[in-house]
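Following this line, the structures themselves.
Two complexes come next, and they have one chain in common, chain A, joined by chain B in the first and chain C in the second.
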Partner chain A sequence: MDVNIRKLRDSTAYWMKKDGPLSHIIISSRIRLARNIKNIPFPFRATDEQLLTVIEKVEKILKENKEFYGFQIIKLDNLSPVEIEFLVEKRLISFTLARFSKPYRGILYNTDETMSIMINEEDHFRLQSMLPGFQLKKVWEIINYYDDKIEKEIKYAFNEKEGFLTCCPTNAGTGLRASVMLHLPGLIISNKISESINTIIKQGYAVRGFYGEGTEFQGNLFQISNQVTLGLSEEDIINRLEISIKQLIEKEQKAREKLIIQAKHKIEDQVMRSYGILTNAKIITTAEALNLLSYVRFGIEMGIIARIGYDVINRLMLIVQPGYLQLIKGQNMKKMQRDTVRAELIKEILD
Partner chain B sequence: MLCQMCKKNKATVKIVKVAGLSKTELNVCNECANYLLGNTITTISFTQNSLNEILFNLLNTFSKYSTEDSNVTLESEVKCSNCGMTYAEFVKSGKLGCSNCYSVFRKYIKPLLNRLHGNYQHSGKIPDSLQLRLDIIKKIKKIKDELKEAVSREEYEKAAKLRDTIIDEEKKAGIRDNE
Partner chain C sequence: MDVNIRKLRDSTAYWMKKDGPLSHIIISSRIRLARNIKNIPFPFRATDEQLLTVIEKVEKILKENKEFYGFQIIKLDNLSPVEIEFLVEKRLISFTLARFSKPYRGILYNTDETMSIMINEEDHFRLQSMLPGFQLKKVWEIINYYDDKIEKEIKYAFNEKEGFLTCCPTNAGTGLRASVMLHLPGLIISNKISESINTIIKQGYAVRGFYGEGTEFQGNLFQISNQVTLGLSEEDIINRLEISIKQLIEKEQKAREKLIIQAKHKIEDQVMRSYGILTNAKIITTAEALNLLSYVRFGIEMGIIARIGYDVINRLMLIVQPGYLQLIKGQNMKKMQRDTVRAELIKEILD
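This part shows the complex of A and B:
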């Protein structure tokens, strides 16, 4: 196993282990910036030599700038399929990077995973920063700082009209996508989720599941992000998204308050049953685990369960996934075996 | 698509039911979705078009027009001299090949981005290096105005000084090559 992958397997990202503002509804805040190097074609049209140049430039920056002290670089070419799947599950890399068929793909990241850069994805660089809870402004500060540092060493593809030039013109301008991961069991249980989510979509935001683009909604988790990247400043994009998210937080809060008054026993029952299944099941799928974990998390959020923290649930949410699970056990496993091992692992951690 | 339950309203919600190893999908309207979801634990997803899909649809409509109109068929042959990307490839993938493609295909990108973002003028962050250059260009413009005024007032000594300043600044901004 790659030594850095091993370290990542055993370490916990900052967004997972610490609570942030409004952690009882918002899991994490994330921003990504799409950037390209001037005069090098975008990755899918670049030659292997050009892609090599891109990754070499990153290695040079890493070596020569004290701001990048403590960052590690992993080259995907050397990894096994399970290790790549694990990086996707850990939310360090995207499906696009995992599937891209060209060489010299990479990921640069710091040890607490608050800042990372995907290399040779759809764009040469995809900077990404993530923090726990609701704090997009803080995330913007971090990512903006590193963006400035890189820009000192590299000439970005940019013009005054279209801003930062990206492979897909829909990302041009700021190249910024801000997203917030929300846990909305209250709206789900009280059947108000469709209405609430449709409002968000009408406001021009994209709604995705836990794994991102093209995935289903699991574990009552919703990832909401901006689509407009051109014509607004970074601060405006973030402010507008925050306003919409705040409305959604209020709706979830109200739904929870109502539930605790009208259906206290029913909620407690659902939470404790979920905990019961998680700590007793012998076979469990990823989807079932994520849904049950959501209800245990709901129990913590509502003060029904006190002895478990969000950090434990966050960690479980990641390690129940197939790639992570196989990495922990250090072997490839068939689905049936995974479902058994998953059940054992959850029980072990929760007990 | 019509709701598969009531067959009356437009289907807006896709319900994916995961039971053990089997998975079933149902496209329904909001009302039926609420009825169906009840207390069961399910995963749901909403019908929404991502920007890429919208872009893709727009591009395809554009290309249809151009093939119907014989005068514009040549457009599919527009090609980026830097990376070799053609208009046809752009329409097919929705992706550009390099930064130069933006100038080559601007004519087609502009209406698309206008529709998607409601705007076609970047107003976010500007790279520091470029910001410096933009500032100098602004400064030069100002000195040029002063120069004009000096000439009109026949203050030739002042005009000569201003001219030298402009040359210096232009060199700094990389606009004027060092002869």
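This part shows the complex of A and C:
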């Protein structure tokens, strides 16, 4: 196993282990910036040599700038399929990077995973910063700081009219996508989720599941992000998204307050049954685990369960995934074996 | 609350608290004898005075015979509906006795509930003996002993041709009904239960649920009893029933052995999930509790759960019932409250 993968397996990202503002509804806030180097074709069109140049430039920055002292680089070419799956599950890399068939793909990240850069994805660089709870402005400060550092070393593809140039035109301009991961069991149980989601979509935002684009909704988790990257300043994009998210938080809050009055016992029952199954089952799929963990998290959010922290649930929501599980056990496993090992692991951590 | 009801509430019947032969499949063995006093009409036709005579005769026997020193008598006329429901749930009295609208109904029983006599049900006396596990012959010895004692004091309605006379002609002859309560999760899970039950029915036996005649199957429990009471000796009835039950035990045993080979993990999962729900749910109905308890019992039978005894499950299967619950709490409760109190009680006992 790659030594850095091993370290990542055993460490916990900051966004998972610490609470943030409104952690009882918001899991995490994330911003990514798409950047490309001037005069090098986008990765899909670049030659292997050009892709190598991109990664070498990153390695140079890493060596020569004290701001990057705490960072590590992992080159995907050296990894097994399970290790790559693990990085996707950890939300450090995208499906696109995982599946890209060209060489010299990489990921640069600091130890608490608050800041990372995908190398040679759709764009040369995809900077990403992520914090727990609802704090997009703080995330923006971090990513902006590193973006400035890189810009001092590398000439970005940029022009006054279109802003930052990107492989996909929908990312051009700021190249910024801000997203927030929300836990909305209250709206789900009250059958108000479709209505709330439709409002968000009408406001021009994208709504996605736990794993991002094209994935199903699992564990009552929703990722909401801006679609428009052009014609607005970074601050405007973030401010507008914040307003919409605040409306959604309020709806979820109201739904929960109503549930506590009208269906306290039923909620407690649902939460405790979920906990009971998680701590006793011998076979459990990823999808079931995520849904049950969502209810346990809801129990924490509602004050029904006190002795488990959000950090435990966040960590469990990651390690129940197939790649993570196989890394932990250090072996490839078939579905049935994974379902058994997953059940053991959940029991161990929750007990 | 009636003082004897309180004692019954706080004590546990011998058949519930001790294991018997083949306790891993057979819950209990029971025999009842229908008896009537010569020259007194059957209870449906008797006057109040005649019914009083019947119960007075029992009280006389109780006082004057050392064999009945350990027995208590409860007169149903003094009981609340919940107390009567409780006696049905405890299997000391039948629905028929509970619902009979005439006075002077009663139940005579010894403290470990191995022997009891319903007074003024369909027949003047319904003797009943019950032991844990598969031991009909031992049950027969006990009930026969008490039947002989009573016969010395009372002239039974009997003639050489028809044997003992009973209210319902289907009981005439020996007046004997032997029944065995079986726990058959193996056949249920393997989808072989209908076939097995049909064989038993074709052999001339009746198959009933947990509460006897006209009740649904719950908790994978089946009561099997003889239909024919006339033209065979008591020993023949018991021997023949034993043979059929042994065939059924063998089928259940085979089904379990096959499951352990083919679906060990799935069974463990089902058992442990049931345990997890029982020890965590906040709301639980009687039917769900019985089904989950059945799986926990199956776990004990299969060696999956070691720290819980059959006595605990047997006791739980009784006290989850509505009447028992209300007696324990000393108050009438609506369904929702019962479902909540039931969940608390199960958790308390299993923890």
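We take it that the second predicted complex is superposed on the first by the 351 of 351 C-alpha atoms of A that agree within 3 Å, B and C clash if a C-alpha of one lies under 4 Å from a C-alpha of the other, contacts with A are read in each partner's own complex, and residues count from 1 in each chain.
We adopt the following convention: a contact is a pair of C-beta atoms (placed from the backbone, for glycine too) under 8 Å apart; a residue touches a chain by one contact, two chains touch by 3 or more.
This structure is a prediction, so every number in the text was calculated from the model and none was measured.
By the touch criterion defined above, A:Glu268 lies against chain C but remains apart from chain B after alignment on the C-alpha atoms of chain A. When the two complexes are overlaid on their common chain A, residue A:Gln227 makes contact with chain B while staying clear of chain C. Set against each other, chain B and chain C touch different numbers of residues in chain A, with B touching more. Of the two partner chains placed by the overlay, only chain C lies in contact with A:Ala281; chain B stays clear of it.
Shared-chain residue A:Ile84: touches no atom of chain B or chain C.
When the two structures are aligned on the shared chain, A:Pro169 is found in touch with chain B, with no touch to chain C.
Those residues of chain C lying in contact with chain A across their complex are 265-266, 268-269, 272-273, 275-283, 336, 340, 343. Here chain A touches chain B in the complex through residues 36, 38-42, 44-45, 122, 144, 147-148, 151-152, 155-165, 167-170, 172-174, 176, 188-189, 191, 193-195, 197-198, 201, 206-207, 209, 213, 216-218, 227-234, 237, 285, 287-288, 291, going by the rule given at the top. On the side of chain B, the complex with chain A involves touching residues 12-13, 16, 18, 20-21, 30, 33-34, 37-39, 41, 43-46, 48, 50-52, 55, 82-85, 94-99, 102, 109, 112-113, 116-130, 134.
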